[in-house]
Amino acid sequence: MSANIRTLLTIISESSLENRLVRDVQKLGARGYTITECRGKGARGARDAEWDYDSNIRMEVICSRETALAIEKWLQEKYYDDFAIVVYSDDVNVLRPDKF
Amino acid sequence: MLDPIILFFLLGIIAGLARSELRLPSQIYDFVSILLLLAIGLKGGVELAQQPFAKLAPQILAVFAMGLILPLFAFPVLRKLGKFKRADAASIAAHYGSVSVGTYAVAIAYLASNDVSFEQYMPLLLVVLEVPAILVGILLARGLSKNMNWGEVAHEIFTGKGVLLLLGGLAIGWIAGPEGLEPIKPMFFDLFKGVLALFLLEMGLIAAARVSALRTYGAFLLVFGVVMPLFSSLFGIGIGLLFDLSVGGTTVLAVLAASASYIAVPAAMRISVPEANPSLSLTASLGITFPFNVLVGIPLYYQMCLWAHSVTGG
Amino acid sequence: MSANIRTLLTIISESSLENRLVRDVQKLGARGYTITECRGKGARGARDAEWDYDSNIRMEVICSRETALAIEKWLQEKYYDDFAIVVYSDDVNVLRPDKF
Amino acid sequence: MLDPIILFFLLGIIAGLARSELRLPSQIYDFVSILLLLAIGLKGGVELAQQPFAKLAPQILAVFAMGLILPLFAFPVLRKLGKFKRADAASIAAHYGSVSVGTYAVAIAYLASNDVSFEQYMPLLLVVLEVPAILVGILLARGLSKNMNWGEVAHEIFTGKGVLLLLGGLAIGWIAGPEGLEPIKPMFFDLFKGVLALFLLEMGLIAAARVSALRTYGAFLLVFGVVMPLFSSLFGIGIGLLFDLSVGGTTVLAVLAASASYIAVPAAMRISVPEANPSLSLTASLGITFPFNVLVGIPLYYQMCLWAHSVTGG
Amino acid sequence: MSANIRTLLTIISESSLENRLVRDVQKLGARGYTITECRGKGARGARDAEWDYDSNIRMEVICSRETALAIEKWLQEKYYDDFAIVVYSDDVNVLRPDKF
Amino acid sequence: MLDPIILFFLLGIIAGLARSELRLPSQIYDFVSILLLLAIGLKGGVELAQQPFAKLAPQILAVFAMGLILPLFAFPVLRKLGKFKRADAASIAAHYGSVSVGTYAVAIAYLASNDVSFEQYMPLLLVVLEVPAILVGILLARGLSKNMNWGEVAHEIFTGKGVLLLLGGLAIGWIAGPEGLEPIKPMFFDLFKGVLALFLLEMGLIAAARVSALRTYGAFLLVFGVVMPLFSSLFGIGIGLLFDLSVGGTTVLAVLAASASYIAVPAAMRISVPEANPSLSLTASLGITFPFNVLVGIPLYYQMCLWAHSVTGG
């Protein structure tokens, strides 16, 4: 039942952005989020979490498609030029769709 | 005789260059930094109790002024000779105007093992020096644009781990006093050099990881990373002589001036001047200036201070 | 080839549930699982992993659709009322489908 | 003169309220807790060797009884005055019937810095007091329902980090004896107060994080978090006088009674009374009672014991 | 717009393989990757990250379908027989598809 | 009298068998291992300075030879009696030809608490013994196949945490000398046994976790895990007598020979003989041989050495 489909938005970026990302996604309508520590490599080089500065976080947000698009748009304008950041999204089945 | 803590730093560099999988877990690195910051603060705080604050005010002002001036020297050089983008030049300048706690820790260990005493309120000047260069750096990058969120910057600086633990340690040491700290001495004072050794081991690994980046950024950064601290140290020595501090105290001031930040400033710049490339400034301060100061600078500044004092008959 | 499609079930919940979740999913037919430490925020407030009590885990289970449904059903009955928990699922392509 | 460890706690609270990003990595917090639990156990175990167990049995029973009774006082108050759901009232009651190792550590540090001696087998009573309130709490919430998995509860309690390390430490200290522990003294005894300082720094941060929650739960919880420990402490003092323990020992018992659990009980309740809101009980024990005991309670209970002893001519 | 569809390849395997996996995926065309520490259980038993030896990593690679297939093929030949490893993939929406 | 560190190991085993949720965070386990490796290296390095290297060369060669020979004894036994696949037999043989730093640490602690002195350059032999068995193991599994990437193997061995920190510590201790190490003594030497206690607590938990695996692998592995170290210890004792070392030194050599690796070798085998089942060899070395050596082996080897020396009138 498509009523149970929500968008899972995943943001991988610098730990130093955590506070602002948390603030932003909630302001844009996300009801919750999940963060895991990670490391990685991309266009802005290796970030291997050897110390605070070069560690990454992986933030998951389950939300409506509209909210997901709004967040993507915001992130693109606000952070893409200056920060190590990757964003991708996909549809997932959830129980309690009203929760998100 | 080589101080063992320096040997730990070299071990880290070697392991790093050999691509060893040796790592201090980042949580342990955090732990070790916290211990160093608190220990330095506590040490200073105890002495602070003995000091008439009035006597310190002028020195605090002088050091603060130095923090404002140094970036103003670095910036044009980075722009003109280094051909760096405005934001990058401003950010690097801020790093060099500020201070590195790790370098300070090595310096006091160096003085201790050479039985050179120094004014114990130096940690206070250390904190003072963290801040001004950040403000100058932001202004150099942004100008006086009004959409600059200074509140966020201030919060970032003063609630950052570094400033907070140093000030906290100073306050605790000040209030508790020497006998009050007795029971926590084993943890914060007896272990100090051992903790510093582990810290330097990891710093060596981190510094080595930056060497590869060095190539990409070219020779200018290398030269700047060595010459700038030498230049800055003169200001530190100047202030030391001005307030005729002991040779040790003057050396510490020289080190404070010569050291480049890799904690407070990068964090602040990332927020207020995000378009500056952090890897550029960190390669300079961590990959070049930190090793230079630890291995060459500190003993050198000490010799310079001995000479200066003999000349000025201090 | 749809033969290689399996369901990836993701459970985000309190660390204190780890032992029971591990037991439950295996009892319900999962052949394996992957757990990562995480923190987050949701209807039951922020759980920022500052100490054991308020940390989360993120559990991934690759299994057949039937198993996934069985697990979802069980979790809903057993934990939804009293615990911080979010569950979502999606189809993924696997090599060695017989493995799951 | 303020004990520095208290200042570390205050520093943590201030940093927390200032929304500082300062954190003790959770693995370091774990490490520090493990060291405290083992150290406390070891200290107690050494003394235990000297004690005729027979002499302790009655005190153990008395303390166990206290652990059963205290929740029975708290529960109705929480239900009637606090208007809490049955499960929540039962859970909170269990927290206050049990004990906080952190508070105990601060208390013995306090007594030590005031050169007050106390019966060294207290850690044993500390362990004893962990358990009974949990059972009462479960019964209050569930009644004698048969589908209660007591085995799981018991396992949760006795294999929990707290009880296991305390008992383990006691056993090791008991078997090895004072001279046996000599070689590990530097780690577990000399560093004790430094470790405790770091622990309290983090506890301050955690407590501060709960303050916001306080508003949501309103004034009653605040009052309860202060009055309940005061009330409980009287039982501790009573037992102390009953077995005429030293002033120090009586103070420790008062602290044990007054402290509220934030490790063993929350874990057990989460499993056996999941419908109870954990944030409610933790806000009370961590956000209110722990700070109250550390900052005000401990010295107060000590004064009360001095007075009580002078009166009873102990 | 299908132009924004890329493949998210997830590899869960032994930490001891990290260096080689990092080398391999890049050699096979991945422009970046993200790694998180994890633990789990599977055909090769429990790997509960109690110490270096039995810990796992979870590696995510966003790339073109071709690259994903190439990586899967390589991993299957190289590591499936001897190592604890699970691989799965799914399509995700990305901004800046040219980036991957 | 039982040494407390052994009691910590037993506590770990008990907690593990009781399925306690007690854990030393893996980062703390890392930290503790790093401290042990550095401390052992430093201790040895200091003494090395006093030694004429020439005198050591023969012993180094003898120990290296022992590392080559031991796996050659183990391999056929594992193949014929144990019915293990070639790769598994080779891998297990390599584990037993190499050495366990943890066991070494317990041994020197044991000798220290019995006031038995030993040749302090043993850490050097410890490092020497890490390597050869790995090479033999690979050859036994692979034969002289040319597509074996020896470079990668060498890199894995020499940049591995174990060898690197031991050698690093040796070098630092050697260069800095006794007085040079004074300031880091509190961290690396005074805390040594406390750190070792925590290490053994975790080792107990890890060992207990392997017991279940034991059942799957059956009785042969159990017997092998006990008999092989006893057999190997004779070689160590032989070398000790050959170079007539002190009773303590001979005991250490016996322990080195008897101990089975669980760090360097597993890592190297995983890379060069991946088809070998790592859980098999780790169950043997961690689940059987390590506990056996710690609880029974070390005191036993010591007695054997006493006897041997009395006989040979050493």
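Note that the chains are named A, B, C, D, E and F in the order they appear, and that numbering of residues resets to 1 at the start of each chain.
Just so we're on the same page, a residue touches a chain if its C-beta (ideal position, glycine included) is under 8 Å from a C-beta of that chain, and two chains touch if they have at least 3 such contacts.
All figures in this text were calculated on a predicted structure; none of them were measured in a lab.
The minimal number of chain-to-chain contact steps leading from chain A to chain F is 2. Among the remaining chains, those touching chain A as well as chain C are E.
Separation between the centroids of chain B and chain E, computed from CA atoms only, is 40 Å. Put simply, the C-alpha centre of chain A and that of chain B have 35 angstrom between them.
Note: centroid distance chain C to chain E, computed from Cα atoms, is 20 Å.
The residues of chain C that reach two or more other chains are 36-37, 90, listed in rising order. Multi-chain contact residues of chain B (touching two or more other chains): 21, 23, 25-28, 30, 186. If you draw each protein chain as a dot and join the dots that touch, the picture is not a line, a loop, a star, or fully joined; it has some other shape.
By the definition given earlier, chain contacts exist for A-B, A-C, A-E, B-D, B-F, C-D, C-E, D-F, E-F. Per the touch definition, chain A reaches chain E in the complex via residues 10, 12, 36-43, 56, 58, 72, 76, 80, 86-90. Within the complex, the chain C residues that touch chain E are 6, 8, 22, 31-37, 62, 90-96, 99. Those residues of chain D that touch chain C in the complex are listed here as 23, 26, 29-30, 202, 205-206, 209, 213, 262-263, 266-267, 270-271, 274-275, 278-279, 282. Contacts from chain E toward chain F in the complex involve residues 14, 16, 44-45, 48-53, 55, 79, 81-83. By the touch rule above, chain F contacts chain B in their complex via residues 25-28, 30-31, 34, 155, 158-161, 164-165, 168, 171-172, 175-177, 180-181, 183-188.
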